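A single structure is presented below for examination.
Chain naming follows the written order as A, B and C, and within any one chain the residues start at number 1.
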Amino acid sequence: MSEFHERYEMVIGLEVHVQLKTNTKAFCRCSTNFGDSPNSNTCPVCLALPGALPVLNARAVDLAVRAALSLGCVVNHRSIFARKNYFYPDLPKGYQISQADQPLALQGSVALPDGRRIALTRIHMEEDAGKSVHDRYDGFTAIDLNRAGVPLIEIVSEPELRSSADAGAYLRALKEILLFADVSDCSMEEGSLRVDANVSARPYGQQEFNTRTEVKNVNSFSNVERALELEFARHCAVHDAGGIVVQQTMLFDAAADQVRAARSKEGSHDYRYFPEPDLPPLVLSEAFVEGIKCALPEFPSSRRTRYTSSFGLAAGDVEVLTATRAVGDWFEAVVARCGDGKLAANWVMGDVLATLNESGGHIAEFPIAPAQLGDLIAMIKGDAISTTAGRKVFAAMVKDGGEPKAIAEKLGLLQVGDDAALESWIDQVMAELPDEAARFAAGERKLQGVLIGAVMKKSGGRADPKKLAQMLGKRAGG
Amino acid sequence: MSAPREWIPAGAASIAAAVRERTVSATDIVRESFDRAVAVKAGADGLNCILSSDRDASLRAAESHPVGGALAGVPVVLKDNIATTTLTTSCGSKILEGYISPYNATVATKLHQAGAILVGKANMDEFAMGSSTEFSAFGPARNPLDTSRVPGGSSGGSAAAVAAGLAPIALGSETGGSVRQPAAFCGIVGVKPTYGLISRFGLVAFASSLDNIGVFGRTVDDSALAMQVLAGDDTTHDATSAPRPAPTYRTDSRDLTGLVIGKPREYFPESLPALMREQCDRAIDALKARGATFRDVSLPHTDLALPVYYIIAPAECSANLARFDGVRYGMRIDGDGLRGMYEATRSKGFGAEVTRRILLGTYVLSAGYFDAYYRKAMEVRALITKDFTDVWASGVHALFTPTTASPAFHIGAISDPYEMYLCDLFTVSANLAEVPAMSLPIGRVQGLPVGGQVIAPKFGEVNMFRVAYALESELGAEAHR
Amino acid sequence: MAVSKDDVRHIAGLARVGVPEERLDGLVAELNGILGHMDALERVPSRGLAEIADATRAGMPLGADARTSVPLERARDEFAPLMRDGFFLVPRLATHDDAGDAS
């Protein structure tokens, strides 16, 4: 297979359908909840009963525009919906409301990890179809229209991808952006993100594209990569044999590890697109689009750059802290409170995330608020308590809640920095350990640790070890 | 003992006032309606204008409905393509025979809230495609004034119901003239509102950009009252609904001083029969007598209206009727597999005219023909619309034309599809331009009713009704002679 | 432009209206008769007219994302031709492994 790659260039374009996480459907107000009993989330509109009419969901527009801006697209201030006509039992109206000539957005791009950008052609809005279940009732196909009408955006890339690995990288980067933008759950398992992969093969140096085929029914990013490789190989074999690649839809069969032609009903479809007469043009004001733009979160790539430069964090730490928008937001709230990026990073990664990993929870549900952790870190940084004491306070907060200062006081963990108290303890220890005291005074500096340890024990861990060291150092004449 | 008073001929406003004042009960009115239906044979054995009705249910509704509302106790008939949860919504088609809608059209809800009582669903050309009600799968409806003739279409059943005295108000639908033309044929008032003024939610779609709910009334006042109840913002259910409040259409003014009415030359061609022209001239004189001034105007693209209509309407209908596939409701006929089921259901379920229009529509949208037909038709539609806006801009407040070239024809007289389409000649432009238009009786030709049409600018129904009220008042009984 | 029998067969297929062979000739004649009248449109030159932006029409009105769908006053299985366990049933698709156009 790699031999084919030496002689043929792989050309890939991806069409990704993403369900927008609205409460209700695109054109009616039925719930979009996944997993409810069949056809329980239907109404005259999504059942396509005679006389029903579509009304577009405002939030779907918000999320679609947000997605488009997150991907750097130009949002059209005026876009038109269109009917895409074909017959299928999970398509109740016999047409899908989609967009053709004047879609919601054009251009845009997705950055791959190494910085290369893959251009997008367009993003348009449309409605999802229902689900067909073929093997539940002998001789019948069962139709569930709960999914019919769920709002989708279709993100179309330019055919600029040149390897299956890049295709996978593109999908992962795209998913990350959409998750950060909080427009979709992007779950291939639940069907909120679906990929149609287009691939063709041409000899290196050839300008024109050869005929492409479309691969559907792929349920994971790695399977997309695999399916593309298989289909590419098939194209190359056809070209080698002097044949012609037929434009058709292919299906990926993961179990058999093969791609085969879909037995489609007719040749190429004639969808007979025309502007949707039930929906006037979607007009979005400059102010509206700007408003969504201003509210955009910071995206992973810029966040990574900033954490590296502002906080001086190592790449591995940056990866962990920017993995999700929620973790990054939480981390920054801690930093805002305590003013120390490195310390905050250590605590968030080491203590917070470690605890979360055990309990399997989401950071939004963590029992401590970022401001509270920030306060705790500030206390440690200001020597009000030691780091060890800090861990005890942290554990107490996780278990029972509460404010760090109050807990530290209650547990008697506040560091004592009072000179008189410290001198007093040092005197007592010197008296209790005359031998060590004498040797220390004579110059054995390494005994400082022992003496500090003794004071810590006597003070119940509350003596400020830094101050102790200073004081002992003075006594030793240093 | 004197005969009990007949309330329906008194009109909707009088009925509603009397019911509110408890001079008469809603049940009495409903009984009068059903007695009348029996007397005129509204069912399949006679006029065949009513496809489904339920006397007991209507009487119960009348009894239980709280007294009040602009249409208190007024019996109403709805065309069978308007969704109602009682009675059927068959659209005059076998594919929906017996179908009872699980939801109500906005207009049905509004009528109910105004106190009206549904007394029947009316016969119609199948899926509103036709100009005579001969294309109903359940037999033609008959014109009450001459039962050998058509009542017009596609809302022929509704028009016949009002003309026969079953109700002072009925609802129909207009896509190319399907309310105005039957109104003219039956000697009653028929109104097409501005596109978007009345919600289409629950109106089974034929051609979405052309469809309107239309109103029939015994008199101009009946239709104005119904329009007031029905008009208004329904953008929660219909994205093409006009998001503006509806003004008052009923008026006592009968004076047209200061009003300029245009007489478009394309609607008074050489070929217009002399008898029809006479009736129009008399109507024009009547309008002048009330103070209107007339001006000759031109709507130059009028002759292209029918070709444009017969591309756009079938195109949209081909998509709107795709949902009738036997999967979720309606008729299902098994065939060879799924595709066989689709084809058997739709070939048995749809009549010849509907099939013709679906094929025509599918063709004009299909690959390779879209630009030549559909895109072209949309361009010319814009020109037709501009003809009207240019005329309004020249200082004209309304237009007056004949509604049809001739009165109702005999059942079976027209067999060529395009000849049937010519019935819409004078009405179809208003649908294309989305402007309001109404027909009211202006006289008789060979003893049969003919109508005059008033057309107004978009959302200009106030002036349109002013003209109609004045004309009706000035003509008086002459309108029915 | 005129349609042929093959054209009518093809569009009948697209529209799933199942026209029987014996009806085809008649339909071809009827459709061509109607289409002949459409030739009048050729007198208007194509100028790629953008739709006339209607000053009285604002853009599309939108709906709030709240669960206010129109309720059904009759159960689905009362009007459905064939239902089981809440599913609408249709004859098993021959292309059962075809993911279909909407996947």
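Keep in mind that, in the parts below, a residue touches a chain if its C-beta (ideal position, glycine included) is under 8 Å from a C-beta of that chain, and two chains touch if they have at least 3 such contacts.
Nothing here was measured: the structure is a model prediction, and the numbers come from that model.
The chain pair with the larger count of C-beta pairs in contact, out of A-C and A-B, is A-C. If each chain is reduced to the average of its C-alpha atoms, the one that sits nearest the average of all protein C-alpha atoms is C.
Between the CA-based centres of chain B and chain C the separation comes to 24 Å, rounded to the whole angstrom. Centroid to centroid, with C-alpha atoms defining each point, chain A and chain C lie 40 Å apart. Per-chain CA centroids place chain A at a distance of 55 Å from chain B. Chain contacts: chain C has residues 14, 16, 58, 60-61, 63, 68, 70-72, 76, 88, 90-94 touching two or more partner chains. Of all residues in chain A, those touching 2 or more other chains are 44, 47, 52, 55-56, 87, 89, 141, 143, 145, 265, 270, 272, 279-280, listed in ascending order. Within chain B, residues 99, 102-103, 235-237, 239, 318, 322, 325, 327-329, 338-339, 342, 362, 366 each touch two or more of the remaining chains. Only residues 44, 47-56, 83, 85, 87, 89, 92-95, 141, 143, 145, 265, 270, 272-274, 277-280 of chain A touch chain B when the two sit together in their complex.
Residues 17, 22-24, 28-31, 37-40, 42-45, 47, 52, 55-61, 78, 86-91, 96, 128-129, 132-137, 139-145, 194, 196, 216-217, 249, 251, 262-266, 269-270, 272, 279-284 of chain A are the ones touching chain C in the complex. Put simply, chain C touches chain B in their complex at residues 1, 3, 7-8, 11-12, 14-20, 27, 30-31, 33-35, 37-38, 40-41, 43-44, 46-49, 51-52, 56, 58, 60-61, 63, 68, 70-74, 76, 78-82, 88, 90-94. By the touch criterion given at the top, residues 85, 99-100, 102-104, 235-237, 239, 241, 243, 301, 303-304, 306-308, 310-311, 318, 322, 325-332, 334-335, 337-344, 346-347, 350, 355-356, 358-360, 362-363, 366, 369, 371-373, 375-380, 382-383, 385-386, 416-418, 421, 458-459 of chain B touch chain C in their complex.
Within the complex, the chain B residues that touch chain A are 81-83, 89, 91, 96, 99, 101-103, 105, 200-205, 207-209, 235-240, 315-316, 318-319, 321-325, 327-329, 338-339, 342, 362, 365-367, 370, 374.
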